[in-house]
Amino acid sequence: MDKVREGEYIILWGGPDANFITKYKPGKPIHSHRGVFNLPENLEWGDILVSSKGRKFYVIKPSNADFVLRLKRKTNIFYPKDMGIVLLYTDFKPHSKVIEAGSGSGAMAVILSNLLVRPGRLFSYDNNPTHQRVAKENVQNFGKPENVIFRLRDVYVCGFIERDVDIVIVDLPEPWRVVKHAYKSLKYGGFLVFASPNIEQVKETRKCMYETGFVAMRTVEVLMRDWQIRDVGCRPEHEMRGHTLFYSFGRKAKHP
Amino acid sequence: MDKVREGEYIILWGGPDANFITKYKPGKPIHSHRGVFNLPENLEWGDILVSSKGRKFYVIKPSNADFVLRLKRKTNIFYPKDMGIVLLYTDFKPHSKVIEAGSGSGAMAVILSNLLVRPGRLFSYDNNPTHQRVAKENVQNFGKPENVIFRLRDVYVCGFIERDVDIVIVDLPEPWRVVKHAYKSLKYGGFLVFASPNIEQVKETRKCMYETGFVAMRTVEVLMRDWQIRDVGCRPEHEMRGHTLFYSFGRKAKHP
Amino acid sequence: MDKVREGEYIILWGGPDANFITKYKPGKPIHSHRGVFNLPENLEWGDILVSSKGRKFYVIKPSNADFVLRLKRKTNIFYPKDMGIVLLYTDFKPHSKVIEAGSGSGAMAVILSNLLVRPGRLFSYDNNPTHQRVAKENVQNFGKPENVIFRLRDVYVCGFIERDVDIVIVDLPEPWRVVKHAYKSLKYGGFLVFASPNIEQVKETRKCMYETGFVAMRTVEVLMRDWQIRDVGCRPEHEMRGHTLFYSFGRKAKHP
Amino acid sequence: MDKVREGEYIILWGGPDANFITKYKPGKPIHSHRGVFNLPENLEWGDILVSSKGRKFYVIKPSNADFVLRLKRKTNIFYPKDMGIVLLYTDFKPHSKVIEAGSGSGAMAVILSNLLVRPGRLFSYDNNPTHQRVAKENVQNFGKPENVIFRLRDVYVCGFIERDVDIVIVDLPEPWRVVKHAYKSLKYGGFLVFASPNIEQVKETRKCMYETGFVAMRTVEVLMRDWQIRDVGCRPEHEMRGHTLFYSFGRKAKHP
């Protein structure tokens, strides 16, 4: 059915520069620079709402990227373009057992929790209670909290509790400090991924991974460019993100 | 446990320029430019095998991208960097109902079938029996065939059978010819994605989408660059793919 | 000698976010968010001036790019990264005879006039007296006005006066309208370059060039990314220009 | 006039995949996979020659980039896209006094010698007699040898002879070893440019420049992508160079 259920997230799309994500509640007032309106009873997907200024707003489904980009944030964020690479360059599956460190703003946890199905599970570690609280809230709001176990813990010092996990994803300033911990927690053949802004972090961590017994390492960067497609002419957008993070991958092997 | 089961796919990793994907069978002979060897009984993940030339090969898990890049091919192929974008810029979930046209070499079907869980399902359409046979084989080998229903059909003319699907993914030379069919098959709010090499196809199809009732359209291109990370110096790889496909997204809305 | 002559342009460099271009005049007051100071008598290149807030400003030479990026502007501007391509993908030499249409803000005229030596000459056409006045001022200020002849003229309708020129550079909204004019003005073998933001303009103009008798056509786009190089870590800058203009090149041949 | 003079370089352009640079000599035989033909007497620019296989070849002028890309090579080469950046991000002028180290294959020397006019001068240093001989030959063939003085010398140890130069361009494996020498040779305010494939070289050299008294430093990388422009569809080329060299710039200031 096409009914929007109360509590579901909707995008109100009034144009590229006027779109909002919000939880549906009948009667809820919406305020925007393009006028105000109330969400009606019996809202349906695809409905067209008209604001006090006569502007149309379409009721559409949020994409996974929409959730990520609208998270409440305390820290840097994973970018959708990069999260896609993590899914494809590991063996991620709905039943995977995944560790992430740190929780960040919960962007990765939101996406992975939505793609996991029990017994698949994400274990999300962070040292900072404030960050983890935000991440938890974001997963509550946008993800599947039943698929995520949050752990407050200094993983540099204490490492991870789980064993035989499929994938460890690291987004910490000193990723080399968890390489040995990740090795202990991973299945043989399993994937360690880490995200770093600087080349020095990549080099140091890959060196440490090599010494610890990881193989098949690879480091990539991903650039995404939007295009303007118009009757009067098509061209790339002038604005573009020049850099987010380098992503590096390796797999646990036995010691020679 | 760490045992490789007979019939499971393994990567034999002997270095960046010497790695193979193969199905595990005890006793199976492996021939490479780095020497020959047989797969042993009781192979375990992470094992190290030594070839006749004394070279080490590590037994590691294939990534999702590994499957894609090693498919038997009859047609162009989706690139992992681009498939990640499709997952993130739609609302793809394990229980999604997805249509793809055409089947191509089955790259998208392999990945999606592995990420779907019943009642999630992929309906893969193609007009060309040879292509679809290859796609089927690839899904048999690398994906979850139980999650894919292949349909041999000229979708330009006949459209799609399913209704209320979440996502339609189009990789055809004339995507504008299935826009109306996709509109009929999609849920309100649902996603139409199409992949095209040329800007003219993007323009024509987006125009048609606009007239048909799709909103929130977006077109992107994704560039991925590998890095050499070495003790003696870090730098981007000289080789890089300059272009694969433009990806465009839109969502079904009601008619104004 | 290291003396700065009165009237010469200097960069006062106080850091990446605090640098100015100005004409040297002894006693001239300089106001900045990092404090005020006066330019001294007998200023020398490389001198260090200290502001009222104790910040250091270095006296250095402007680069060609500095001139371009600090021009007074009425129109879009050529980017240094793209102007370099124009110099290299034509046969530009100090003695070249070059036409440009339109004058724009004079960015190209500033650079070319500085690289030309008599009998080399630039003929700069524009239809808009206001734009051309700005271009002229910029060349007066930053270029070699003796190497540029400005012509106020509607080149779509009237074409160019000169014959046997080496290079014609077009930066107009409808470049296809000057292709035949450019053909008439160029030497055989000579270069037509045009800069366009949209792909449609490129396609239309190249088609027209092909029919008019140009060969060896090529279209490129250039991306430039800055890097942060710091003790604590090296990474690409987050900010980057996603698109400026497509540059297309062709050479005049005889008619088959 | 449109006559090609004996000894002048011409491009014989028979299509994107069939074009050659050669010195004009009447009667000279040309062999290609598209047939053979002889260069006629009284060749003119723009002429169309027809091969034994009936294929047309156009006689056009080489661009500066054509010269660079067709040099005889013993070493890595500067890319036209990067050489453009060097011209724009320094204060290069026809009368500049420039040092380069090393001579490489002479690519930079060819371009700069063609853009210099006396008293402008390039001093090209190399330690390797074989490389420098190739560079000299290339300048003899494609550049203006009267504007280049080659010096065979170990610049790491011995530095440069000239003083008060405007620009020093370094393309050596250990650029940091010539930073102090470059400082000595440059005018105050003058430019040091170095080209390095690896980030470590950039970091080390910039650190050394900072300590030596250079300011206003900047490091960039340039990507160039070709486009296919066809009636049936426009798209970026699949092939693209992912990396050539990082280019770094700084200017000599006085010591604080």
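To keep things simple, chains are lettered A, B, C and D as they appear, and every chain counts its residues starting from 1.
Simple rule for what comes next: a contact is a pair of C-beta atoms (placed from the backbone, for glycine too) under 8 Å apart; a residue touches a chain by one contact, two chains touch by 3 or more.
Computed from a predicted model, the values in this text were never measured in an experiment.
**Student:** Using the touch definition from the top, list the chains contacting both chain A and chain C.
**Tutor:** Intersection of chain A and chain C contact lists gives nothing.
**Student:** Hey, how far is the Cα centre of chain B from the one of chain C, in Å?
**Tutor:** The answer is 45 Å.
**Student:** Suppose each chain is reduced to the average of its Cα coordinates; what separation in Å results between chain A and chain B?
**Tutor:** Computed value for the inter-centroid distance: 20 Å.
**Student:** Show the residues in chain B shared as contacts by 2 or more other chains, in ascending order.
**Tutor:** In chain B, 199, 221, 225-226, 234, 246 touch at least two other chains.
**Student:** Does the chain-touch network form a line, ring, star, complete graph or other?
**Tutor:** Chain contacts: single closed ring, each chain with exactly two partners.
**Student:** State the interface residues of chain A toward chain B in the complex, per the touch definition above.
**Tutor:** Residue positions touching the partner: 2, 11, 13, 19, 44-48, 56, 58-65, 68, 80-81, 83-94, 111, 114-117, 187-191, 199, 202-203, 206-207, 215-227, 229, 231, 234, 236, 246, 248-249, 251-254, 256.
**Student:** Under the definition above, what is the set of chain D residues touching chain B in their complex?
**Tutor:** Counting only chain D, the residues touching chain B are 197-201, 221, 225-226, 232-244, 246.
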